[in-house]
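In what comes next, subunit A is part of two complexes: it sits with subunit B in the first one and with subunit C in the second one.
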Partner chain A sequence: MTDPGERAMSSSNTMEWLKGVVKATKLYWGLALLFAVGVLSSPVSSKGHNIFLSFGNLSDVFRQISVTGITAVGMTLVILIAGIDLSVGSVLALGSVVCAMLLTNEGWSSAYLLGVPAVFLLAFFVVLGTMSFALRVQRRAVHAEAAPGMSKVALVVALVAALLIALRVASNSGSKAGVLLVLLVVPAVGLMLGAINGVVIVGGRLQPFIVTLAMMVAGLGVARLTAGQNTAVWPVYTGSNATEDFEALRSLIFGIIPVPGVIFAGIIVLFWIILKFTKFGRYIYAIGGNEEAARLAGVPVWRVKITVYAISGYLAALAGILYVAQYRQGKPDAGMGLELDAIAAVVIGGTSLMGGRGSMIGTLVGVLIFGFLSNILQLNNIDSNTQLVLKGIIIIVAVLLQERRSSGWMFFLSQLKVRNAPDRSVTSQQTETHRHGE
Partner chain B sequence: MDNQSPIVSLRGISKSFAHVIALRRIDLDIYSGEIHAIMGENGAGKSTLVKILSGVHRRSGGHMEVRGEAVDFATPKEAERNGIAIIHQELNLIPSLSVSENIFLGREPLRAGLFIDYAEIERRSAEILTRFGIDIDPRADVENLRVGEQQLVEIARALSLNADVLVLDEPTSALSEAEAQRLATFVRDLARQGVAIVYISHRMSEVFALADKITVLRDGNFIATRRSGEISERDVIRMMVGRDVKKQEVAPSVSESPIVLSVRNLSLERPNSRGRIHSVVNDVSFDLHAGEILGIGGLLGSGRTEVLELIFGAAIGKRTGCVERAGINQAAQSLTPRRSVSKGIAFLTEDRKGTGLLMHADIRSNAVLPSLPWLAPLGWISKTREDTVAGRIITAMRVRCEGTDQGIDELSGGNQQKVVLGKWLETRPRVVLLDEPTRGIDVGAKEEIYDLLKRLAGSGVAIVMVSSELPELLSLSNRILVMCEGRAAGIIEAHDFSEERVMELATPLGNALTGAAA
Partner chain C sequence: MSITRRQFATWALATALIAPVAFNMSSAQAKDKYTIGFSQVTTVEPWRVQFNKDLEAEAKKHANVELLVADGQDKTEKQVADVENFIRQEVDAILISPKESAGLTGVVEKAMDAGIPVIVLDRNVDTEKYTQWIGGDNVVIGEAAGKYAVERLGGKGKAKGTVVEVWGGLGTQASHDRSNGFHKYTDAEPGIKYLLDKQSGDWKQDQAYNIMATALRNHEDITMVYGHNDPMAYGAYLAAKDAGREKDILFLGVDGLPNEGVQWVNKGELAATFLYPTPGAEGLRQALKVLAGEKVEKKIVLGTETITKENAPAILKANGL
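Right, the complex of A and B next:
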């Protein structure tokens, strides 16, 4: 029915172009608006500088958003497959506890009890994945499957390699961990919990909401058990009770760019590429768009889903490390309410909770909106409880602005109009019962 | 009937969506007691016209009268109040509610003005269903019914409105031959009682058997209205496509080519809507030769679809038996869609929108999805290669679209089906499983798909095709396997083909009418 010729003829080019520009930039309106509000409402320093625009402030925002931001990246993947991950807050908290304990504890501790099997799991799948990838590079035939003998060899090699790596980590328990060991072990713990989420959701055919809710509760318990009952908070002071090199995670590059922000940016770019240019990314969109159609088209639905939940856990625990770097402590209630912030950021970024529609750029915008919002409210000395109310309102406004499919405001207004005219439906119902009574 | 005035009269009705003109100055008169068929290819404007008639769309221009009064419906409710009810091509039922709840949705009889009177709902639903001869439990949940049964519920819902103008938009596209017959009888009864019927269908024989008048639309233009006795099928087809179309001739007999797929003792059991385990497919065996089109006939619910699902590894339930392909014998339980795709098996499902396409993605991502394992062997998708593949499908299948990044939901049903078929052919399959490949598709696109299937078979691909349309089954197949209540009732060879023979095998002994829905 859509005849391209007819379309082109009946509309002027400039209108089309303008519409195209509006459509393409719609995602950024909210952010631009908020930024303008930030500049205009910002207090001015004694020297006449706009504090909101100062390097110090902007770099602060960049650092602050990195913890929620990294979690939101994983949440984007989960929401794209029409799932939800409520456990990220608990996973982050557990990550912060494990991280702080590894950094400050000498000798075997409960952190290793979690860390060593997690590293084993991570190493096993990374080695297995690398080897099967290498095999695929070798043969790229149509309709090809891995030779059965080869996969068994790969399995054994991966098992042995993973065991060696896990033993190496365990043998390190005598001394305090350095930053590299922490970066290996802590995200692995998150990956393990995320993978459990995925396996239970897929294997038990359960709702992601229920499974990750259970993991949120259980994860908090694990975090508290790990932390021990005597001191729930594990302080980390680099140089005194932890090694100096952990300080790298809270430093500034060239004195202005915070390292956590750089890690967040790197992860955004990495997953933007994965979503946009890889088969895995395409499968994520396909599963979210129509899971049954994807399954029938040969998409490995189970594998993709488990991987996505594992990635979400991995990133949440990684954010836990940055939490420790930022606040100099690990504690079981570190991630309270974080999952909701992450979900809000993803949704503000235009990703549909129904799955299949959304982007990493959107999530970046959503995270930035959230970060600037907190910053502006803080700069203007607004009471923290009022901040919560304003945040709630602004989430709705931002989502309405971001609604890219039908123009959000028009839809909202038309809904109001319908509600204003209830008399019509009443009369029609009466007429019907009357008709039926005849 | 000619001396009475029309109950609905449309004059110069036009409709445009944004910049696209869907209808140009259509005139239509509908009389009580008359069955009026509207025909035309997909995109001709039939659906748009009846949607204006029933208040779903608002006209852009023209004049409309019901019983002599000028009307302008803003909502379907207003149209219903004027006695015009529509049954859409797409199902509009709520899956989690029961049959009776769906029938009375939005106008539930109340007890004490507050509580839904379920007894009353069930009693009245049962009355309507019995009157229609539909053997469906009014208490059954809609989600446990097959597509065809759901359609019957939808029809029952519209009938319960006591409409005197009933619009049926392709009501039989999902029905088996037997159910379509039953519907036809009922539609005739309704017309005799004075109801005006507006009937849209692609099935030529059905329209000629049923309609008093036929109106043909083409590209949004009114072509003609004729009494059905005055014209032939050929005339109508010519008016619809604007050219002559060849009729199907009978396919050549089976060649003794190598066997590419053997199916042995396939069975499927699963719980039905009441939780009782029942046998959906029971001990089905056959061989499939290269270059052969094996038709599968049978009534709705006879296990036709499930046989295809079992071969592809997509069936849900307890699967037994085995499938031998490419010389390897595999238990049905161990098959998965992913393995089947990598072994060169393609499966086109009957529900294009529900299980065939990613409806909010573009043509490109839909077209390459099953080919991704070898299009992107290292996980990296090249946009150029993707575009090449999507472009190849568009050209080869003659998909009418604006480009590879057009949304799939903007295409007509026929063009969507071409994309689905194209995406599967791009995987270079050796066995193609088709479930109702021409459902809801116009004559022109049907012909193209028939040609394509013949060429495909000619190149050595084996095809298994489930179809409810007997002429299609008889003209395309080399052999026909007829299913009846989960069993293979028999295989008919080409020299023995006839509609009677298929129906004979498909019908359970004794009760011809209640078998399908049970």
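Right, the complex of A and C next:
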């Protein structure tokens, strides 16, 4: 064996180019491989077509991944700032319960007790945010100094507006909620819980792990209390005990594209744009990379952090609505284990748990890998215990394929070499040092 | 070059792992062979294990049946996906034991719309769009337990005693049914008193133990325990045993699984258990009837059986224990 430096020099340009391509497309390998396995292993239907590739099956998968997928989008943001959100399962469950109760109940219920303050909070911050943004734009246009009374005026206007909106929602409690009201109120509840997570983490300088773990436990309790002790499950049947328009969230566009999947795709695109092209997105990467440096550079760290946890809660509760739509029920144990699926999907997608590195496209890939994996294992009727083992192994393989730094793995191999042939490795290590010295 | 080698190693590993999946191709179905998909909600509960055993044993008796079993891992989402997979695989019939009614209703309708007969086992779905439902009736079981309890506590009109009832779950219909059936008989007896107000042991032995341990401390006089399943009755028995009071109390359980309740009854630890029959074997037999073009009843209710020390040894023997 010659020393590494010489070898690197002797390798051709094509090799380098190939390596570059490999590195750039690494993210998609696992997915492509899995897809190929899916096609090859799929059983063939009686009419002779490949079941895995059939539109029906792909449509099933697209719908099946939507709930975990939407949660994983929020989780990506949280993990990018080097946090973690274990409460998404409970928030989803609470969202599903509130959603089902709003849809089927007439009159004031515990769902409104949660929903109205949440809507107030959401409306307050949206109005306040929009107004201060408008003021800033206007100020910049006329190059004026900030008028001292303006922010107070904005605050009052926002309070009044939020109060009016909340009252409007509360006044609706007499009749069953429609799809639009549900889409407003339920995510607001998630946003409220997420914001509480964020405030406690920032304000108390606590580990996100323990804070969101506490929220996971408490959220489950709130979901059960909201649902009521004797009714673990709230069934939702559009047309009989709920309004017909909720059916829209379950339907198939052109009979083939599932609406929940489309919503998931829309959210992925939206947050891909936010991460890639907005200041807020850059702040997220900055905080994840080095929080202290970001703070010193003037990034409003605590505001961004609270917003990120609030978004995670918002999306989890939104996923709860889709859960109700797909499974015709809301229940407190709906999101059991969801947080781990979401985290796994994000990490498989190449986002680092240390924060600061990762992408929305990666998360999409991770979610798809998860979805196809379950689908393929089931289509092949693999025994369910073996399925669990295979899933575990494939997660590790996928993460290995996605791993961006090869140094850890190389270090491990070099250590093996040290054991086998101490002399040679010492020389190569020396050469390494020389090269660094140059 | 180490990067390439590393990648090669990873790929080799991946291929080695995925290859077994890839080559597990299902063979094309022969016309005289029926593929039947069975979607079970979970496979870790003892009653479900017995359920699967009954079904698989019945499937082995029919050479023309290929049984595909999917485990829902106790998740609605997974079970819905499992049934969707059966639909895509165009199985000849689907047997399903749903996690809950509302969550699985949609997919059962979807299967029926795809022209696949669906036989629902145990819990029913909230639609009339299914081929057949087979299950036990928890009210009937509760009634059997109530009748037996009254008899053991002194007979109709003279029964006297204090009863601890350990609920399975306040949110599950099965628990309410088992309770309502029981109370139909015991409430008619003025001599019977109840000690706890709806204490749920979540169907688990350890939780029932704790509930009973507290009850034993609070109440000097307990004559009977009614657990909504056998493990909870047994948990209560263990708590009483640790307090040295197991001889004064009669323990009643429900389910009558050979390896659990029947064993405990046989040893004299439980006074009686009431069989909650699994619809496994009957389900497959009915599915074959449907496939043969026979007309089947919409609903089949399986009966119960009171298992006491007299008939326990025979049941154990029949199950090879």
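The criterion applied here is as follows: the second predicted complex is superposed on the first by the 381 of 438 C-alpha atoms of A that agree within 3 Å, B and C clash if a C-alpha of one lies under 4 Å from a C-alpha of the other, contacts with A are read in each partner's own complex, and residues count from 1 in each chain.
Definition applied: a contact is a pair of C-beta atoms (placed from the backbone, for glycine too) under 8 Å apart; a residue touches a chain by one contact, two chains touch by 3 or more.
Note that the coordinates shown come from a computational prediction; the quantities given were computed from them, not determined experimentally.
**Student:** Touch test for A:278: subunit B only (first), subunit C only (second), both, or neither?
**Tutor:** first
**Student:** For A:297 in the superposed arrangement: first (subunit B), second (subunit C), both or neither?
**Tutor:** Touch partner of A:297: subunit B, not subunit C.
**Student:** Mind working out whether A:106 is in touch with subunit B, subunit C, both or neither, as first, second, both or neither?
**Tutor:** Neither partner.
**Student:** Which holds for A:236: it touches subunit B only (first), subunit C only (second), both, or neither?
**Tutor:** A:236 sits against subunit C, while subunit B stays out of touch.
**Student:** Please work out whether A:16 is in contact with subunit B alone, subunit C alone, both, or neither, and reply first, second, both or neither.
**Tutor:** So A:16 meets neither subunit B nor subunit C here.
**Student:** With the two complexes superposed on chain A, say which partner A:245 touches: subunit B (first), subunit C (second), both, or neither.
**Tutor:** neither
**Student:** A:40 contacts which: subunit B (first), subunit C (second), both, neither?
**Tutor:** In the superposition, A:40 contacts subunit C only.
**Student:** Let me check the overlay on chain A: which residues of subunit A are in contact with subunit B and also with subunit C?
**Tutor:** Looking at subunit A, the two contact sets intersect at 4, 7, 11.
**Student:** With touch defined as at the start, can you tell me which subunit A residues reach subunit C in the complex?
**Tutor:** Touching subunit C from subunit A are residues 4, 7, 11, 19, 22, 33-34, 37, 40-41, 43-46, 51, 54, 56-57, 60, 64, 67, 229-233, 235-237, 250, 323, 326-329, 331, 334, 336-337, 374-384, 387, 390, 393-394, 397, 400-401, 406, 409-410, 413.
**Student:** In their shared complex, at which residues does subunit A touch subunit B?
**Tutor:** 1-4, 6-7, 10-11, 133, 136-137, 140-145, 277-283, 285-286, 289-290, 292-300, 356-357, 424-425, 428-429, 431-433, 435-436, 438
**Student:** If you look only at subunit C, which of its residues touch subunit A in the complex?
**Tutor:** Counting only subunit C, the residues touching subunit A are 1-3, 5-7, 10, 13-14, 17-18, 21-26, 28-29, 43, 68-71, 73, 75-78, 80-82, 84-85, 87-90, 100-103, 105-106, 126, 169-172.
**Student:** Mind pulling up the subunit B residues that touch subunit A in the complex?
**Tutor:** Against subunit A, subunit B makes touches at 17, 19-22, 43, 75, 77-78, 80-81, 106-107, 109, 160-162, 312, 314, 337-338, 340-344, 347, 349, 354-361, 365, 369-370, 372-374, 376-381, 402, 406, 410, 412, 423, 428.
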